[in-house]
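Both of the next two complexes hold subunit A, though its partner changes from subunit B to subunit C.
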Partner chain A sequence: MKRRTTLKMTAALALSSMFGGAALAGSHSADPIVIGAVAPKTGPLAGGAAVTHWPNIRLWAEQVNARGGLNVDGTMRMVEIIEYDDQTNPGETIKAVQRLATQDEADFIIAPFATGLNIAAAPIFARYGYPQISVSNITDQVEDLASKFPNMFFTLGSTSAFASDVVRILSEMRDAGQLTGNRIAMVNVADAFGIELAAAARPLFKEAGFEIVYDTSYPLGTQDLSPVVKAAKDAAPNAFVAWSYPPDTFGLTEQAIIEDLQVEAYYTAVATCFPAFGARFGAQAEGILGAGGVNPDSEAFKEYAAAHEAATGAKPDYWASATTYASLQILEQAIEAVGLDREAVSAHLKEATFTTVLGDISFNENNFNEAFWTVGQWQDGVFRGVAETGREGASSVRVKSGWGS
Partner chain B sequence: MTAAEIRTLILAALALGVAALLPLTGSGYWLGLGLNIAMFTVLATSWALFSGPTHYISLATAAFFGLGTYTVGLGFETLPYWSLVALAGILGAVLAALVGLATLRLSGVYFVIFTLGLAELVRQVITWAQNMSGQKGLYVLTDITEDHIYWQLVGLAALVYLVGWLIGRSRLGFALRIIGDDEEVARHSGIDTARAKVLLFMVPGAVAAITGAMLAPRYVYIEPALAFTPMLSFQVVIMALLGGAGRLWGPLVGVIPFAILWETISSTFPNQTMLLLGVSFLVIVYVLPKGFVGLIDTVRRRLSNREGWT
Partner chain C sequence: MDIFLTGLLLGGTYALIAMGLNLQYGVARIMNLANGEMLVAGGFCAFWFYTAGQVSPFLTVAIVAPLAFAANWLIYQVMLRPLVKRAKTRGQLESDSILATFGLSFVAVGLMLAVFGGDYFNYSYLSRPVTFAGENYGLNRVAAFCGAVVICGLLYLWLNQSRAGLSMRAIATAPASARLVGISVGHLAAIAFALGGAVTATGGALISTFLTLDASTGVMFTLKALIIVIMGGVGDVRGTIVAALLLGVVETLVASLIDPGLTLAAAYTLFILILLFRPQGLFGRRQT
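And then the complex of A and B:
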């Protein structure tokens, strides 16, 4: 028992000091730059954070330290990451950010994971003057939030853009004759983001002249989605749109294959862009539309994806992974430009343009990055961006032709 | 009122007064921890008011807490904040009365299971309503700071202690102690056991709903998964039992060390937080089966025995 506890403690210490240790090893006299990170390692969102959030922080810290650190006013300084698990609980996120700001005296804090946890932490970031370059924080309240929390930045997009671009893509497919009718089957998970997206999309579909022939919701965590897919199939839609979360994105697609749901466009929202989705469905994923996207042909992305796989052993997802990494590049460039003064960094973030894996990023008067990917599609085993609000390299959308074999 | 009671009252008022000074230290870190302690003190103490004497283990805290959070989230744009806190309390009490009427006839494990399911039920009902109305995400953007929330919670704690103290002195409190000892006997003595239990169950219901309403501005963004987290119900039970549910001040002596332990583990072992917390639960149950109150009583008894011998 005693030996086991000792082993566990040693393992824990080794893990928690891995980055700190790596950072210290190379530095000579300059203190490391302390960077805090708070996100779920346990709880409902731990799975998502393990794909898009934590690996990028590790990758970035490794890369920065491998090149000798960040150049702060002429001195090269390593970065040291302090990680905390918020257990997917906003109370814990708030406490951990506070701990980083006051006890660990972190120089900077990486924005938390997911909308709810980011917004819960925003008052603390604001109080201590930390810039909060949030990624997985998709909202339609950008204006209100930015005026309340002037150091909060938004990189991944807004709810309405995700809904309206799906409507736009389907309209374009219809105009090009790829959709042979107006019939849409729309379902949503009855949870925050799913409800928001469905509510935003409903009037837009009608405006664009679509007929919503099936519209339903299912509770979060529903295991048996076959009634949903069967009813959607009975409505004989031309396109199937699901504002879904990770477990049901997989569940709905499995049922669609079983039921042989014949549609010309098939969309599921969150997690369609995960490499695990492509791996799970293989050729059957061909033509599936989903939220997010990247330009997988850009040199910057290819280089990033290779480094990600080499450093973490896993492929990045085709959406928020690259944006998370870009948010760290933005922080890095801002620090190198103006030093460790947080106010100066925030001011610089509002003005400058940053070169990232996604291309150039700058923020508008609401601290909002206006150029982002909104819809992607699995094409030949890669999830390619097909709709964006100002990014380069969108592929043209294809018709979903059956479920292969 | 006896002299001893007056002394206790004065001491309690002093302690609350000192607790209310915490925001003046200006340390956000300690305030955050204090806020956590205040929240769990309120929840665990009100929980023990009902579960202590009756021995009915309720896992419904999250249901009431989420109800309060959503009351503020949904009504925030139409009604002033203060009225929503009061409304949350009323809704919590009404829900508790309904649940109590339906379930307090259930005993033992059936009651526990029902209360656990209640959080999920309320969550699904609210989500359904939100989905039907097409209500978008709920943002509670206010100027209420952590200082204000902390003071509100300390005030609520004072109220809970006062209510608990009054109940302890009342016929209702006496009836409940009899119910806790033997419900059959209580019924034969002419006590309306169902009414007594329902009345008392409304207290933790209302308090948890008010707490949820008070914390809504802290979370800013309200989602079901965060408002109705089942973890909360378990934390409250564990803290109350760690302290000891038999005394009014029992939960407090559980909440404080537990919150500090939780904080220490979260900050020292970020990768094993949940694992180590689980291990601590086991150790606590094994080493302190009667909670800190039991430990304190044992120590006291030993001390007085020793005095008796010398």
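And then the complex of A and C:
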């Protein structure tokens, strides 16, 4: 029996280190709390996960263990993280969650990365009774999902809120005379996220009295976006809106600079908030609007950003990084409140209010966090939130004035 | 005119991506599915040198190319030579090398992940407009296009003028007969494979000035390279150049005149048409 356990442990260790190097935090007094993590380390979404997802898990585990662990029913217990790479493949995500539930016997599993992978894994989380506090999971099917999977939680927002706040910001800019016309050029990446957002935004723009003068999509992974930007420029828009993903967010902006796209508002979606975006475009990023945002002046965020940089050597992004960290704070507070019983933790998540780096977070009847950041803008080298649905510290929006290099 | 030039620039990028694979597949007979990873590694070196010491990616090439040459030569000697030796037919070597390099691509992704991390690496280099005939083009794209012209030109001259180059072409055309006239096929195949790797890594360094790469984007480039090499005709430099430019122009035409959403469809339609009407590729010779 003993030998079998040892064998099993060795095998598990070997496996977990093979599949992405397990971060083992040793504890000697009490058994550690085993927390599973599944997200891309390879594949198309690995770049995003490397910025937003993995560093926060490492930071959180390090901080908890430095404090001596989590207080479970009066005993301090360390956390042990088991990491798996799902290769950005939903099938692998499901397999890894199953392995964590059945073989690693994880006490809790951190929600996967990205909308598609979270939705793919929802049934398996539900089957084994794990709460799924999802972050990078933006959809308009929250109600439907929450009724099917009662232990699935949503922290980062909904598609319609992101689309409607962009429309709202642009309307306000027009009313303030910052936009001198109502011509919008809108493009989107032909992927679930981009298609859903463009579909949500189209009627909203029309309703708000905007005229969409250019509307197109391009395939994920397009190498050359110059035809897109050239055509958008020819349409002479007042504002350019791109529902874009990481590689094309960079590509579109580079082309916009080269084409000298003159607009009064320029918006690209995912990854605009990445520190790498600001580092690459420098002063040219000034005034660019993007999805997400934070209040970079809040003490909680400053402290978090400093700890993030110290622990991982990289700055957090100005959006989902802090929310990812907040989701772990929520899990931590729920465990300390009710222990390791997963049903009790899920029930507690629905009722309690949690204190996080973003401020207080609670979930409504659809397990949805209603207060989140929607639009941010690069201002003086920092990406500041300019629109939110109930967060404090939004800055006022500025006009994009050229690409001054 | 504007569309045509934009297409040519894109075609230049594609030529950089595909030229190395053409050498590896056409001459060394290795269908290298880890080709894209070599490209990303070249791009990463350029990124690293640029961010660490502001070294121009166009100078980095002087370091990247020999390094990649050596690395690919080693890969060939250690990993692929046994496959070549035991292969009884060309078909067997092809399937063996596809499997082996498919595995190699995972190893390469894992290594790059461990060394570079999974983050996007991108930087801004020569990201300035140049105006030509009233239209703006990215200087970095123009520079990479010039790089492609130089590399392809040198390769073409070398393959057609030098003795080693002619031997390479002899192997590409008829490996069995090449042996009869005293060409050391094994030795030259290793050099062709290494050279292919060096060209790919150089391409990666140039491309990284305007594309955003991360450790796992390699496969995207492998696929593009594969299409181009097969369209152009295996083992022919001219074929790869023409196919790359054609693909670039067609994609840009479709994106500008019809819809950017159809670029992929256009690329694959072109691919199917060429396979239907010239299965050996534009410049390929019919197998007898």
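Simple rule for what comes next: the second predicted complex is superposed on the first by the 377 of 405 C-alpha atoms of A that agree within 3 Å, B and C clash if a C-alpha of one lies under 4 Å from a C-alpha of the other, contacts with A are read in each partner's own complex, and residues count from 1 in each chain.
Criterion: contacts are C-beta pairs under 8 Å (C-beta built on N, C-alpha and C of every residue); 3 or more make two chains touch, one makes a residue touch a chain.
Not measured: the values here are computed from a predicted model.
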Which superposed partner A:302 touches (first subunit B, second subunit C, both, neither): neither
Touching partner for A:91 - first (subunit B), second (subunit C), both, neither: first
Subunit B versus subunit C as contact partner of A:314, first or second or both or neither: second
Touching partner for A:231 - first (subunit B), second (subunit C), both, neither: second
First (subunit B), second (subunit C), both or neither touched by A:101: first
Partner chain in contact with A:196 - subunit B first, subunit C second, else both or neither: first
Subunit B versus subunit C as contact partner of A:120, first or second or both or neither: first
Touched partner set for A:260, first subunit B, second subunit C, both or neither: second
First (subunit B), second (subunit C), both or neither touched by A:206: neither
Set intersection of subunit A contacts, subunit C complex versus subunit B complex: 41-42, 44, 190, 217, 219
Residues of subunit C defined as touching subunit A within the complex: 2-3, 6, 9-10, 13, 109-110, 113, 117-120, 122-124, 127-129, 136-138, 210-212, 214-217, 220, 224, 248, 251-252, 255-256, 259-261, 263-264
In the complex, subunit B residues that touch subunit A: 27-29, 32-33, 36, 124, 127-128, 130-131, 134-137, 139, 141, 145-146, 215, 218-221, 223-226, 229, 231, 263, 266-267, 269-275
Touching residues on subunit A, where the partner in the complex is subunit C: 40-44, 46-47, 49-51, 54, 187, 190, 216-219, 221-228, 230-231, 246-247, 250-251, 254-255, 257-260, 271, 274, 276, 280-282, 314, 405
Contacting residues of subunit A [partner subunit B, same complex]: 8, 12, 15-16, 41-42, 44, 83-85, 87-92, 94-96, 98-99, 101-103, 115-116, 119-120, 122-124, 127-128, 139-141, 144-145, 148, 159, 188, 190-193, 195-196, 198-200, 202, 217, 219-220
